[in-house]
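These are the structures, in structure tokens.
One chain, subunit A, links the two complexes that follow: it is found with subunit B in the first and with subunit C in the second.
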Partner chain A sequence: MINGKDLKPQDISKPVKQLTKIDKLMDLPAPYDKPGMEPELTEPKEEWAEKFCASLDGYIGLDTFETPKTKEEKEELVKKFLSGLEKMLSDETNRSIIQPLMLSLDYCAKCHTCSEACHIYAATDGNELYRPIFRSDILRRIVKKYFTKSGKLFGSLVGADIDLTWETVARLGELAYRCNLCRRCAQTCPLGLDNGVLAREIRKIFSQEMGIAPKPLHEKGTMLQLKTGSSTGITKPAFLDIIEFLEEDIEEKTGWNIKIPIDKKGADILLTHNAGEFMAWPENPIAFAILFEKAGINYTLSSDLIGYDNVNYGIWYDDAQAKKVAMQQFEAAKRLGVNKIVIAECGHAHKAAAVSADRMTTSDNKIPVESFLPMLAEIIKSGKLKLDPSKNNFPVTLHDPCNVVRQMGIVQPQREIIKAVCPQFREMTPHGVDNYCCGGGSGFAIMNSMNFGEFRNKVSTRMKFKQILDAFQDTIEDSSIPKYVCAPCSNCKGAIRDILEFYEVTAKFNVHYGGLVELVVNALADLEKPFLEFLHDDEA
Partner chain B sequence: MPFIEVNGKQIETDEDGFIVNLEDWNEDVALALAKTEQVEELTEDHWKVVNYLKDYYKEYGIAPMVRKVVKQTGFSLKEIYELFPTGPAKGACKIAGLPKPTGCV
Partner chain C sequence: MFLLILSYVSLFAFIFLSIYKAVQYGKMPMHGRLDLYPIPKEKGKGHYGGSYYEEVEWWKKPRETSLLEEIIDMLKEMLFIKKLFDNQRPLWWISYSLHLGIYLLFAWTALLFIGAITELAGLAMESGHWWAVLVYYTTFLTGTIGGLLVAFGSGALFLKRYLVPSFKKYTTVQEYFNLVFIFAVAATGLMVWTSDPGFNYGRHIAKSMLTFRPIEADAILSIHIILLGLLLIYIPLTKMSHYVGKYFSFHKVLWDNDPNLPGSEIDKKIKQAAGFKPKNNWSAPHYQPEPPKTQDM
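Presenting the complex of A and B:
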């Protein structure tokens, strides 16, 4: 095993059982600066390491990739990877991404500005394996060796010095799942190069060419969504049952009789939720229903296949799957005849539907897609909602989902909203387009097979946990004061929920989490009982 | 494939111990799965939750929302966690033979 500080890109093909391990983590602020406050790192189980590729850093993200046994299988793996690389490099087969890809491959000056920007590199105290350009440099050397004249002729003299063994391929596949694709590094690069694109290209080769992708993203994600309409497996009858239940729940909680419109003809807006909200955080779609009703918005949800779930996991690993889902989502909106789709609290759905899908088809097939944030900010400004911010008189901080801020530039609306309803709002440092990823980005939040959850909880979410603790330093140790991390994104919420559980932050320090609309509903002046359950006396 | 052994029979599970085929499920399997989720015996209260999960899954092909489990069984979330320390989505669903929850949940 090689010490993380000494690791070089060429080491990726070293025939050792495990290349490196994480031996030091970034310090956390008080009260997590004392020993014994967090669970220790663990070793992978022997039976996992035998069956899957744990030979990178001991973690297993690619839970569908069983390591090849025979010589033929090993050769086939390398062959397929090379064939995928060839397609990656061709304008014919990779047109949508070829320009930023080639620029990023060709022009890196190794200035390492990006390293300082990466939350995973920082969390591992500068382990070379997680340096944003480490992965890129391996890919670059392989491309040089197999796809350039100079590389074929002169090899290591021109930096084409990586042996493409099956183990190299396997480790590179794993390494593509040690990056959240948050693109903070791309934002900081003086040359505008994007290491996130390169990580995603490796994921694409594995999925599109080799049929290997994490089960929660592909088999239990995209494929289940294309079959049932949702990656949660919610079918149309289940969806209708859930909506009926939510309406009853609204009445019980608030005394208000609110109908949630489904497949309403003539609606102006199709509102789409991440269907995970219905299963895990039903108070979020409930809060949307209350606010849209009170503001008199002419909207509908769709019970059509794929119309009730806005997720699109393909944008994390596979262009073809991303397009399939995006096109069906547009079709569902077309059939309803709405004027636009409004995306609720899901970050990657924002990017998938409003940015990525925009380049996937021609205008005839498209319907305008907007974020709920500017719209909700307008509603608040209009004065249609009677608000009493004193109902939210506890410390609140805001996590910015990368897809909303960095990828789309939506920064101010959520601040206008939160400042209107939370008197004790405080920013994280840094925030807005400079935010750090929650650590659950690009699928990590739902990748829980084997020990991958540990990588997320200890490493990729570490910077976010630090930011949360920093934001609440004034009150963290006073457990009589509730504190709220607002994360307007299902994926981010999942990652933050896991942080709060893993480090027992809710139990010990009364820190809660949830979305943005819940805070707005909780501030409604005519609401009798608090909407946020942690404010109920009987559960305090 | 990993498996769990019940009455001398090997029942196929995924890497996280959820059974792969619902047809393999029976009360003995449930008890064996319970032991992997910090539940030593299945009382009447446990069965009330487990049976509700199974019935809902049979009808809708998906586990019910946690809030619905609370309402339909009459147990508070706290009581459900007392019955199933690893939670309704993981522990209770696993014991009921349901697959691991999917999507952003």
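Presenting the complex of A and C:
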């Protein structure tokens, strides 16, 4: 095993059982600066390491990739990877990304400016494996060796010095799932290059050519969504049952009889939720229903296939899956005859529908897409909602989902909303377009096979945990004061939920998490008892 | 005559190969959107990273962009390498030395030709005329400072790459060679300069190029001209041509957030591209056409 600090790109092919391990993590602020406050890192189980690829850093993200046993299987793996690389580099098979891809492959000056921007690199105290260009440079060297004249002619002199063995392929596949695709590194690159693009291209080769992708993203993700309508497995009848349940829940929580419109032809808006909200955080779609009812918005939900689930995991690993899902979402909206699709609290769904899908088809096949944020900000400004911010008189901080902020440029509306309803709002540092990823981005939030959850909780979310603790330093150790991390995105919320559970932050320090609309509903002046459950007397 | 021909060939090769490279990138198919904020052209919002997506029904509103904001941001990056300055100051000092030196040497080259034309028009640099004095001293300053900065920048970058382990492990032999090559050109130039601080040799070369007369050069000047000529041909063939790539990566990738609206240029391009049928396809099972459904018996 090689010490993380000493690792070189060429080591990726080394025939060792495990290339490296994480031996030091970034320090956390108080009260997590004391020994024993966080669970220790663990070793992978022997049976996992035998069956899957744990030979990178001991963690397994590619839970569908079983290591090849025979010589033929190993050769076939390398052959398929090379075939995928060739297609990656072709403007015939990879048209939609070829220009940004070639720029990022051709021009890196290896100045390391990107390294300091990466939350995973920082969390591992500068372990070389997680340096953003470590992965990119391996890919670059392989491309150079197998696909360029200069590489074939001059070999290692021009960096064409990584031999493709099955272990190189397997480790590179795993390494593609050590990046959240948050693109913070690209923001700092003096040449405008994008390590996130390169990480996603490796994921694409595995999925599109080799048929290998994490089960939660592919088999239980896009495939299930295309078959049943939702990656949660919620079918249309189940969805309709859930909506009925939500209406009952609204009445129980608020005393208000609110009907949630379904498949209302000619409505102005199709509101789409991440279907995970219906299962894990029903208070979020409930809050939307309450606010839209109070503001008199002419909207509907859809019970059509994929119309009730706005997720699109394809944007993390596979172009065809991304397009299939996006097109079906547009079709669902078209069938209802709505004027626009409004995306609720799901960051990647924002980007998938508004940005990624924007050029997937001609304009006549699409419906305009808008975030819920400007609309809610306008509703609040209009005074249609009678608000009493004192109901939210506890410390609140805001997590900026990368997909909404850095990748869409929506920065101010969420701040206008939260400042209108939370008197003790404080920003994280840094925030806005400079924010750090929650650590759950690009699928990590739903990848829990084997020990991958540990990588997320200990490593990829570490910087976000630090930011949360920093934001609440004035009250963190006073457990009588509730604190709220507002994360207007399902995946981010899932990652933050796991942080709070893993480190027992809610139990020990009264820190809670949730969406943005819940805070707005909690501030409604005519609401009799708090909407946020942690404010109920019996919860205190 | 060889030196004259090399000077022409290298100058035209530099321009032609750089343009060729830009054309190659420009011809690549339109890609999916990869907006990354802040995008400076977003009028009134660029400074904090906002975009038109902050507006309700943004597609019904006129698209407001600011070319001025974009140019200002571009110049900050081109002239000062601002991202490196903001994010990695220790490297900025030496990288910026090299780049500023190159910019000054571009100005110096232009001034050499201006000086040559001035002399060909009958106004000698020694005439004492204000124009000749201005050209002479600006040439002197840009050439001297530019040469010194390029030599320092390339030398210091070489040492940094060689001595700092985190840089060394990613640096290829070719990348060391690139820096040595630049340093050699700057060093030979400075050697020539020590015996001719007023850069009269430079104006002589410029005059030779303008009048198609052979360049008279001693050994060290000949080596300098040959090395510089080869460097000019070599740069566009390598990643040192990032002056081309940088334009595309910012303007055509990270800052390209033009939406696909009915009747827009983007929409037209997508319609044109819709007829493209790839001959090859990816091999994973979900990329294969679904088998025709058979009726259950």
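Here is the rule we use: the second predicted complex is superposed on the first by the 540 of 540 C-alpha atoms of A that agree within 3 Å, B and C clash if a C-alpha of one lies under 4 Å from a C-alpha of the other, contacts with A are read in each partner's own complex, and residues count from 1 in each chain.
We adopt the following convention: contacts are C-beta pairs under 8 Å (C-beta built on N, C-alpha and C of every residue); 3 or more make two chains touch, one makes a residue touch a chain.
Here the structure is a predicted model, which is why all the values come from computation and not from measurement.
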Would you sort A:216 into first (subunit B), second (subunit C), both or neither based on which partner it touches? first
Quick one: classify A:227 as touching subunit B (first), subunit C (second), both or neither. neither
Let me test your reading of the model: by the given contact rule, A:362 touches which partner, first (subunit B), second (subunit C), both or neither? second
Kindly classify A:384 by the partners it touches after superposition: subunit B alone (first), subunit C alone (second), both, or neither? neither
Touching A:335 in the superposition: subunit B (first), subunit C (second), both, neither? neither
Touched partner set for A:97, first subunit B, second subunit C, both or neither: second
Would you check which partner chain A:117 touches, where first means subunit B only, second means subunit C only, and both and neither mean what they say? second
Which partner chains sit in contact with A:311 here, subunit B, subunit C, both or neither? Use first/second/both/neither. first
In the three-chain superposition, say which chain, subunit B or subunit C, touches more residues of subunit A. C
Subunit C partner contacts - residues on subunit A that touch it in the complex: 8-9, 80, 83-84, 87, 90-93, 95-100, 102-104, 106-113, 116-117, 128, 133, 137, 154, 156-159, 183, 186-194, 197, 207-211, 223, 318, 320-321, 340, 354-356, 358-364, 366, 368, 370-371, 373-375, 378, 405-413, 432-433
List of subunit A residues in touch with subunit B within their complex: 48, 63, 216, 220-221, 224, 228, 230-235, 237-238, 241-242, 245, 249, 274-280, 282, 309, 311, 346, 445-446, 448-450, 490-491, 494
The answer for subunit C against subunit A in the complex is residues 25, 28-39, 42, 45, 48-59, 77, 81, 83-84, 86-88, 91, 95, 166-167, 169-175, 239, 242, 245-246, 248-250, 252-254, 257, 259-264, 266-267, 270-271, 273-274, 276, 278-287
In their complex, what parts of subunit B are in touch with subunit A? 15-16, 59-63, 65-68, 71, 89, 100-105
